[in-house]
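Below you'll find a set of structures to go through.
Okay, so chain A shows up in both of these, paired with chain B first and chain C after.
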Partner chain A sequence: MSTLIAIRLRNAVVLLVLATMLCFALVVSAPGNVAVLIAELRTPKATFEQIRVVEEELGLNQPLILRYGSWLNGALHGNLGVSYKTGDAIGPALASRLPITLTLVVGGAAFAMLLSFALGFLGALWPGRFGDALSRVIALLGASMPSFFVGALLIYALAVELGLFPTFGTAGLSSWVLPWMTIGLLPAAVLSRVVRVGLEEAMARPFALTASAKGLSRRAILFRHALPNIAPTYINALGAQGGAMVVGAVVVEPLFALKGVADLFLQGVLFRDFMVVQACLLVFLTSFILLNLMVDIGMMFTDPKLRRQGANA
Partner chain B sequence: MKTTRRTILKGMAGLPAMFAGLSPLAALAQQGGGDTLRVAAGKPAGDLDPHKYKGLWAIQDLIFEPLIRYGHGGKMEPALATDWQVEDGGKLFRVHLRKGVTFQDGTPWDAAAMTWNLDRWIGKESNSWMNASRLFANYKVVDDHTVEIHFKELVLGLLNEFAYVRPVRFLSPKSVGADGAYAKPVGTGAWIEASADNNGSTFTRFDGYWGDKPGFKRIEVKVLPESRSRMAALRAGEIDLTGGDFLAPIKATEAKTLEKAGIPVAVELGTTTVVIGFNPDRNTALKELAVRQAINIGFDRKAIGQVLYQGLAEPAGNLFPASVPLAGTRFPVPARDPAAAKKLLEDAGWKGAPIREKDGKPLKLEIVVSEEQIAGSRSLAEILQAQLGEIGIGLTIRSVDHASRHSDIPARTFDMALFTTFGAPYEPFGTIVGLLLSTYDNGVDGKLVIDPAKLDPLVLAATSAPQDKVDAAVQAIYDQMHADVSMLPLFYSPAIWAHTKRVKGFTVPATEYDLPYRGISLES
Partner chain C sequence: MTSTNILQVSHLCVDLYTTRAALRPVDDVSYEVAAGETLAIVGESGSGKTVLNFAPLGLMPTGVVTDLSGSILFDGQQLVGLSEPALRRIRGGKIGTIFQDPMSALNPALRIGRQIAEVAELHLGMTSSQAEARALDLLKLVRMSDPEARLRQYPHELSGGLRQRAMIAIAIAAEPKLLIADEPTTALDVTVQAQIIGLLKDLQRRLNTAIVLITHDMGVVASIAARVAVMYAGRLAEYGSVEEVLLTPRHPYTSGLIAALPSVDDAPGSPFRGLPGTPPVLGAPLPGCAFAPRCPQVIDICARRYPPLAGGAGTAAVACHVVNARQSKEQAHA
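What follows is the complex of A and B.
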């Protein structure tokens, strides 16, 4: 299995380099010039000469390949550069913001798992009944509503009208409940269908019939025999949804005034702060790759066929 | 222990259970602010060095004070100066400093402190956009509380410039490092910065403040980048005050929603105007007066004000609202008249439908808008597009972000674009020189009108006119632009603030650069 992981890691590094190159090309080809904005910070009526000086200072007039190479070299040596806008080192800024984004995504994933299992089992335990229909409706609504809308609804209902939670911030655990629900609802909707459909398929297989013939209750068969069978599919889907949640953080963090990596990324995009954008993308891409790696390993543990393939690799 | 799929499943089940167990479903929302005014800002305060251009103006205003404060209607009020004289044809500025004032660190406010601050900005290249800096000659300390500043020429808007937030406000000479570099924000203002990070800043009351002491002990500025979050926080009572163009803009629709929810909203005529600028050099159709006149009466300012701005934005006929000094004779707001607009175009030879043509060239224009510059400008452009379409003008909308606009406007890659005047305390000459004088390098803000033949002489005449002739000279500029329809005033932006009911005695500040804490008391 270690060989398989090594191959995955090697591919991940190649993917990272290609992805950062693509991101760099996209960022520099976007309209707007960061030198104009920086010159504005130095003097409110920046002249074209002052803008040219900024371009020279930051090396913005160098060929793109040199600029990318310089950034890549710094990143390889652990130096992610300094923000064009603030002049602060990006590494410490990322380090201080990463726990916020991690708390958001991990908490959201936990909420998604809790809700998806609850809805999935509600349908599977009483197929065709009211609970099944309810879980379908909730899943449909959850999958149809964008995060910013869900967040606004939750804030209005639970924070503004009922006063149960704060509308923003990270002061205490209660501050996290609404962000977790906002970022976790869509994945929960998708995952609940994975659970429901997976359990239904498992229950139609011969082992379930055998267990039933032996006198086991539907509940016992679902939990003891059917559930382990859906694990690989569920983990795979959870990995995909985890990636979606990292992207969703770009919407959720500003909504709840969370100063995480996604918030920093947005600021970087608005200011054409290439160094910040690249550093944030590096974090996002690394998290995607790690997530996929964890999913692969998780699937190997839960799927005997894959485990055997891994052992032979 | 052997890891099996059952172990993994148990772990996965345990994780959400842990979070569920920790999530308090009881009311744990934040309590009332007590003796603290909680203000929402759209971004962190940033570097507050008053001699740089990086921090949030309203936060700098809490800490640092000017010699002269810009009051409502352009009234100049004494602050760190008790009295002043402008002599020698506007080339000498004598300032009498307030006695008994200290900085927050105990350093006395005197001529030495004032000149130490002047040395940090006046006459430097980065500040040459200010007349007082560009034309600075020297200063002389007359005594501990009197300083004379000499200029090479008459300084236009001298008193206004000394009322700006930066770079003219005063930092304690002891608040720098050994190398003289800025270290921390210490001024003479009523508020001392206690902490600051990405989430916000806190300030405690300076009990040694020379002026009226604030009626509460603390200010917390919370950073809420999303407008919707600020509105929700205000309604939930988690913040007390928000608003202001530069601190945390409130859209007209949001103001109306807040009002309906019982939140007090203060709306006043602001000091800025939203204006459409033309670029005839890029689209020659705009060189024709008839085309500009047709556009001017081709859309409905009042309807835009009512529908898009909920009646809070007053339709404009002038470059400046009446709240600005030397705003000039009031012109009527152009009324929409599609029939007259069509006739103007017909008479000028623009014929055909749906898009008119002349000499085989269609009457198509492009307007550049940026939501970051003016909230709602995309919708505004869509209304223009529909209404101008009715008179046979094809309008394409290019919606760009802040960075792109700052490249496009000075490069003049637009046919039509939205501009805003600078607002108090920069008016009227900030806009007149910056946006109208073609020879003045206005940097990234670009030019509203470029007309070296007709407009430049009038602007130069106004900027050098003696005091008793300034009114007439400025009016000549307004008359010329009005006759030539060289730009289209759309509406005067309202100053919008909202606060909770526990905030008493709120008044809208004189400029968008102030944080309005003065006169406020808090109900507990």
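What follows is the complex of A and C.
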């Protein structure tokens, strides 16, 4: 199994390098020029020569391959460059913002898992009853409402009208509740269906009849026999939803005035601040690849057949 | 004889209701099984033999409403009308079950040891470490090679024969008084089939367990059962000792089934003999004999009135107007 994990790790590194190349190329070829913006900040209606001076200062006149090489070399040594806009080093800015985004996404994922299991089991334990219908309605609503709308509703209802939680900020646990709910609702809706449908399918398989012939109650069969069988599917879906939540942070962070990585990314895009965009993309890509690696390993631990393949690999 | 019967089924009818249809797959069936004895229930697919055994235990798919009438006395307890929690205590406890396909009947995500130990925890009140020890003993009892390693393996790591042995270990984990085996050898190789039947006979002798064996394999019937009940379209066609039914079949359906078995004496390349026609679709109970449309000896009354199961001493009981009329005539002459 450890060899299989080693192979996956090696693949992850190769993937990461390829991904940085791709995103470097994309960022460079995006319309807009930071040199023009900076030159115009210095002197309104900057001349072509003034723009050229700025380009030379920033090293933008060098060939692309050199720019990529020096950036990659710096990144490997922990130096992600300097923001064109503010002149600050990007590394420390990212380091201070990363915990906020991590708290948002991990907390949101925990909320999504809790809610999805609650809703999924509500339906599976009493199929066709009120709880089942309720879980379906919540899943449908959760999956069809965009997060900026959910967030606005939650802020209005729970923060403005009822005053239960602060509307923004990072002061204490209560200020995190609304962001977690906002970012976690859609994944919870999708995952609750994964739980509900997966359990139903498992209960229709012959081993559920065997478990019943052993004298186990329906509840015991659901928890002890059906649940282990949906684990690999659930982990896979959770991985996909985790990726979606990293993207969702771009919407949720500004909504709650959270100064996270996604917020920095948005600022970078608005100012064509390539170095910032590049660094943020690097963080996002790394998190996607790590997430996939974790999903692969998690599936290996929960699916006996995959574990066996891993032992042979 | 009746005092030692572990299972006494009288006039059992099973009605199944789904949202679309109402069926009576079991109609007025009576039989008994003595402690430590094996009864084989033989019939084509859809003859009701599985429903007959599983419906009274509450082992029916969800979404099907089951209605039982008649009486099932098991170990002095009436099973008809018993609540689900009470049935649950019997299932896996006093009654063990073996299923046809051991691959799908075992849980692919759980270790073999856990799946066996679970029964001992539930019915014998053991702690998990006691139950693990019991699981190991059971694997030795079903003659599993390398039992310590098997405990930690998953079903997909075992061959079909070993899986069925694990399934048998699960079924006997709580030392049941009755074992219901639903085509336990159908999904296995012929050589493995013989091993499994041998194992069942051996376990029966050691544990004094009664076995109800559901099968359509006459060879299996001859090698393990003492008595046999032949089912056709939800009713018993013939019921008696194995010698009587297999050697001197009296019901036209049983004779047809046995005549259809390929024989060593058949010339190479000779065609398979089958029973002409198909079994009826189960719906409302038929007024007459269900086999009448396929019967070579059919007479007028067959289509109008259902023949009751009747038989004299020393012969199998048969549900057939023709056979029983002949028999009462012979008795009148004697």
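FYI, the second predicted complex is superposed on the first by the 303 of 313 C-alpha atoms of A that agree within 3 Å, B and C clash if a C-alpha of one lies under 4 Å from a C-alpha of the other, contacts with A are read in each partner's own complex, and residues count from 1 in each chain.
Note that a residue touches a chain if its C-beta (ideal position, glycine included) is under 8 Å from a C-beta of that chain, and two chains touch if they have at least 3 such contacts.
Since the structure is predicted, the reported quantities are computational estimates derived from the model, not experimental observations.
K.L.:
So, on chain A, is it clash or fit between chain B and chain C?
P.N.:
These partners fit in the superposed model.
K.L.:
Hey, is it chain B or chain C that touches more of chain A?
P.N.:
When the residues of chain A touched by each partner are counted, B comes out ahead.
K.L.:
Taking the superposition as given, does A:Lys305 touch the first partner, chain B, the second, chain C, both, or neither?
P.N.:
So A:Lys305 only meets chain C here.
K.L.:
Who does A:Gly172 touch here: chain B (first), chain C (second), both, or neither?
P.N.:
First partner only, chain B.
K.L.:
According to the stated criteria, A:Thr210 is in contact with first (chain B), second (chain C), both, or neither; which is it?
P.N.:
Touch status of A:Thr210: second partner only.
K.L.:
Tell me which partner A:Arg196 touches in the superposition: chain B (first), chain C (second), both or neither.
P.N.:
neither
K.L.:
Please work out whether A:Pro228 is in contact with chain B alone, chain C alone, both, or neither, and reply first, second, both or neither.
P.N.:
In the superposed model, A:Pro228 contacts both chain B and chain C.
K.L.:
Under the superposition described above, what is the C-alpha centre angle at chain A formed with chain B and chain C, rounded in steps of 10 degrees?
P.N.:
So the C-alpha centres give an angle of 150 degrees.
K.L.:
Using only CA atoms and the superposition described at the top, report the least gap between chain B and chain C in Å.
P.N.:
Superposition on chain A places chain B and chain C at a least C-alpha distance of 9 Å.
K.L.:
From the superposed pair, tell me which chain A residues show up as contacts to chain B and also as contacts to chain C.
P.N.:
Common to the two interfaces on chain A: residues 228, 231, 302-303.
K.L.:
How about chain C: which of its residues touch chain A in the complex?
P.N.:
Interface residues on chain C, with respect to chain A: 57-59, 61-62, 85, 88-93, 96-97, 99, 101, 104-110, 118-119, 122-123, 154, 156-157, 167, 170.
K.L.:
Give every residue of chain B touching chain A within the complex, in rising order.
P.N.:
Touching chain A: residues 3-6, 8-9, 12-13, 15-20, 22-30, 46-47, 52-54, 126-129, 198-199, 222-226, 228-229, 232-233, 235-236, 238, 372, 400-408, 410, 434, 441-445 of chain B.
K.L.:
Could you please specify the touching residues of chain A with respect to chain B in the complex?
P.N.:
Those residues of chain A that touch chain B are 30-34, 36-37, 39-48, 50-51, 86, 107, 110-111, 113-114, 117, 152, 155-156, 159-160, 163-174, 176-177, 180, 227-228, 231, 235, 254-257, 259, 263, 266, 270-272, 298, 301-303.
K.L.:
What part of chain A is in contact with chain C in the complex they form?
P.N.:
127, 203-207, 209-217, 224-225, 228-229, 231, 302-305, 308
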